[in-house]
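Following this line, the structures themselves.
Shared between the two complexes below is chain A, which pairs with chain B and chain C, respectively.
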Partner chain A sequence: MIEAIAFYSMAAVTLAGAVLVVSLRNTVHSALALGLSLAGVAGLFACLGADFLFAGQLLIYVGGIAILIVFVVMLLGRASDLHLRQVNAQWAAALLVCAITGAGLWRLGALYRHASSQVPAAATTRAIGLLMLGDFAVPFEAISLVLLAALLGAVFFSRKDIS
Partner chain B sequence: MTLSLGHYLVLGAALFLIGLFGALTRRNVIGILMSIELMFNAANINLAAFNHFLHPGGVAGMTVALFVITVAAAEVVVGLALVLAIYRNSKTVYVEDFHLLKG
Partner chain C sequence: MRAEPAASAPGGEASPRPVKAPLPTPVLNRKSGGRLLTDTRFWPTEVWKSPWSLPRYRAGAMWLAGIVLGIAAAGFAVGELAVWAEKLLALLGRTSLPPAVAAWVWVLIKLTCVIGVIVVNGLWAVWWERKISAHIQSRFGPMYAGGFHGWAQTILDSIKLLLKEDVTPAAADQPMHLLAPIMAIAPCVMAFAPVLFGDELAAAKLDVGVLYIFAFASISVIGIVMAGWASGNKYSLLGGLRAAAQIVSYELPRGFSVVPVIMFAGSLDLAVIDQAQAGYWLGFVPRWFVFYPVVGQLAFIFFLIASVAETNRTPFDIPEAESELVAGFHTEFSGIKWAMFFLMEYGYVLLSSFLLAVFFLGGGAAPLPFLDFIPSWIWMVSKAMLMMFVFLWFRWTFPRMRVDQLMDFNWKILLPWSFANIGFAGVLVYLHRSGWGPG
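Showing the complex of A and B:
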């Protein structure tokens, strides 16, 4: 029962935040709603027993990416943006694409609908660390190169005298 | 009342579709980036849920989700730096005005 309450409240937070992200006109409010939605996802990870993922989601997404987006939103844009339409004219086509994708996802998800598990939650951090330095060692090293490249790219593109 | 994998899959699909709709319809490029983040998160929910329900005791799904979070962080950092560079040149954040490559 307590799991169901936790799941439904976190799902409500996540979906409400997501709807606000795509529907609000003010981009600053949109970015704050993104932080709310990401925090809801972190709560869902906690419901799933993924403790390390919960902490990582809060640290990286809520504490890093959402704050970064808020900073950039405040650097860009003008006050007149608040009076402009924030969606393009293709919402009907986008709705159609979403409906078709949703139907496909529904068909696929129906294959697994009734799987449930009663395994008690256990700490996962040690197992994740062992897996990352074992089977996932090559992706683990590659991801550090990706992060280095992203760091250099961010510095390169945000230089003042880009020529 | 017990939770099954279907609950999480429906939630992940709903989050993905909201993100997809936002990515297709927002005019503001930062709005599009935020919608893409929502889609990443939907994928992460599904990874963690499949891990929990189909491989209880395993952690491979969570590890892949951590890699997804890392790649998403790299993507958003480079994307926002590009947005800043484009804004400095063309003074706009609306994607229909991004026609630097159009002859």
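Showing the complex of A and C:
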């Protein structure tokens, strides 16, 4: 009962945050609503017993990425105070894409409607660590290599004096 | 400026010791029942020998002291009696409450204790910081309020902050301006959930305790950025931007410097990390992680430096640098909203002190075997207070760094060396597994 209340309230927070991101007229408010939505996703992880994902989501998305987005938006200066229009001429096409994606997700979700989420809560950290450095060591290292390449690329392109 | 009375005139034929005028009789305003003073010019040191003789002031102080003492007593009662926690829980169960409600009441009790710790710590740390700064600078610091070395100074200060007008600037974004202090203080309270106050003495036992604390501690910066932006003031905005850049940067070495500790203990659970440091080498050298050769000391120093930077304190206080940005992100906040930011800062100082004690100084373990009879929470709190003293000491002895120095130091020194330290820790763990070194 309490689990269901927690889960659905977190889902509501996530969705409300996501709607606010696209509907608020002030860019900074939108960026903060994105942080709320990401925190709601972390709450969903917590409700489903994924404790490591919960902490990781908060640490990386809310504490890192959301703040960097707010940082960039604030650096825009006066432009962040502009109250921009929310729709342009393409709104019908966008609505269509959203509807199709939504319908697809709905059908996908329907497949797992009867799957139980009532797994007994257990610590996941050790198992995740063993998998990442055991069975999935190669994909894990490959992802780190991709991220390293992205990092180096960013440093290379932001250098002013390329000789 | 008018000349002072002859008593303080330089030189002259006046006697070296000025003759004190008799104290004027205190005049009370009859209309308000003798409560308000009409003449408070000389208060508190001249007319009123003791500030406690002012009735409203005294009543307010009593109220606040009562609330604080009540919270402290609740925290102490439930905290120290953690040995009896099962009995207390059973007592809750034996009442006619349904089990679900009893569980919620239990959570509320623990929450009250944690909030009590944070609030009392705010009062204590501000007074202590003022005394330490004063003694470092050859001053006295607070001396009057309460009698003994101005112990009541911060209690009275918080009454003042509660009574002050709450000003919201016209250029501010009203809801954001209101929300910012809440967004700053709420994660601070939540981050205290898995913090150990003694062996096994924590509000929540979490398997991902370390990650959980770092995750919530990293959210507070959103409150700081919101405060900076919502104030509608360019100094505040700059302070918020600097805070965001600094805290996001220093989070990396702070997290990575703890990785060796996690490798040694083999868990993210604070209680396991605490237990892993029990015992002694050769019968008297405590097996604390700070005593692990090279790795322990490096990790300790990196974590300490990064923690000071995370709490925005000197020498890393560029987000609120007085000489550049007025007061940075909290320039436009007054009264209790402003107090929330300070509560947050001292809350994080306390959090970092407890983390330093648990990660590196053995947590609740006694430094020498024969001192084991002292309960673990006394050791834990005294180690945390020692670390807090280091934090306050830093603030008053180091000059502020420039923005570029700050970033260079983080990205070019702290981060690479904390990575290297993880490698050293790997070597140490490997040597240990293959049978080298003492146990």
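Keep this in mind: the second predicted complex is superposed on the first by the 145 of 163 C-alpha atoms of A that agree within 3 Å, B and C clash if a C-alpha of one lies under 4 Å from a C-alpha of the other, contacts with A are read in each partner's own complex, and residues count from 1 in each chain.
Following the convention adopted for this analysis, contacts are C-beta pairs under 8 Å (C-beta built on N, C-alpha and C of every residue); 3 or more make two chains touch, one makes a residue touch a chain.
Just so we're clear, the structure is a prediction, and the values are computed from it rather than from any experiment.
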Fit or clash - chain C, chain B, common chain A: fit
Which superposed partner A:75 touches (first chain B, second chain C, both, neither): both
Partner chain(s) touched by A:4 [first = chain B, second = chain C, both, neither]: first
Touching partner for A:145 - first (chain B), second (chain C), both, neither: neither
First (chain B), second (chain C), both or neither touched by A:58: second
Touched partner set for A:91, first chain B, second chain C, both or neither: first
Superposed model, chain A: greater residue contact from chain B or chain C: B
Smallest distance from any CA atom of chain C to any CA atom of chain B, in Å, after fitting: 13
Contact residues common to both interfaces of chain A (with chain B and with chain C): 52, 56, 64, 68, 75, 124
Footprint of chain A on chain B - complex, ascending: 1-11, 13-22, 24-28, 30-31, 33-35, 37-38, 41, 44-45, 48-54, 56-57, 59-60, 62-63, 65-67, 69-78, 80-85, 87-88, 93, 96
Touching residues on chain A, where the partner in the complex is chain C: 2, 28-29, 32, 35, 39, 51-52, 54-56, 58-59, 62-64, 66-68, 70-71, 74-75, 123-125
Residue numbers on chain C that touch chain A, as the complex places them: 100, 176, 206-208, 211-212, 214-219, 221-222, 225-226, 228-229, 237, 240-241, 244-245, 247-248, 251, 255, 267-268
Complex contacts: residues of chain A adjacent to chain B: 1, 3-4, 7, 11, 14-15, 18-19, 21-22, 27, 30-31, 34, 37-38, 41, 44-45, 47-50, 52-53, 56-57, 60-61, 64-65, 68-69, 72-73, 75-77, 81, 84-88, 90-91, 93-95, 97-98, 101-102, 105-106, 109, 112-117, 119, 122, 124, 127-128, 131-132, 135-136, 139, 143, 146-147, 149-151, 153-158, 162
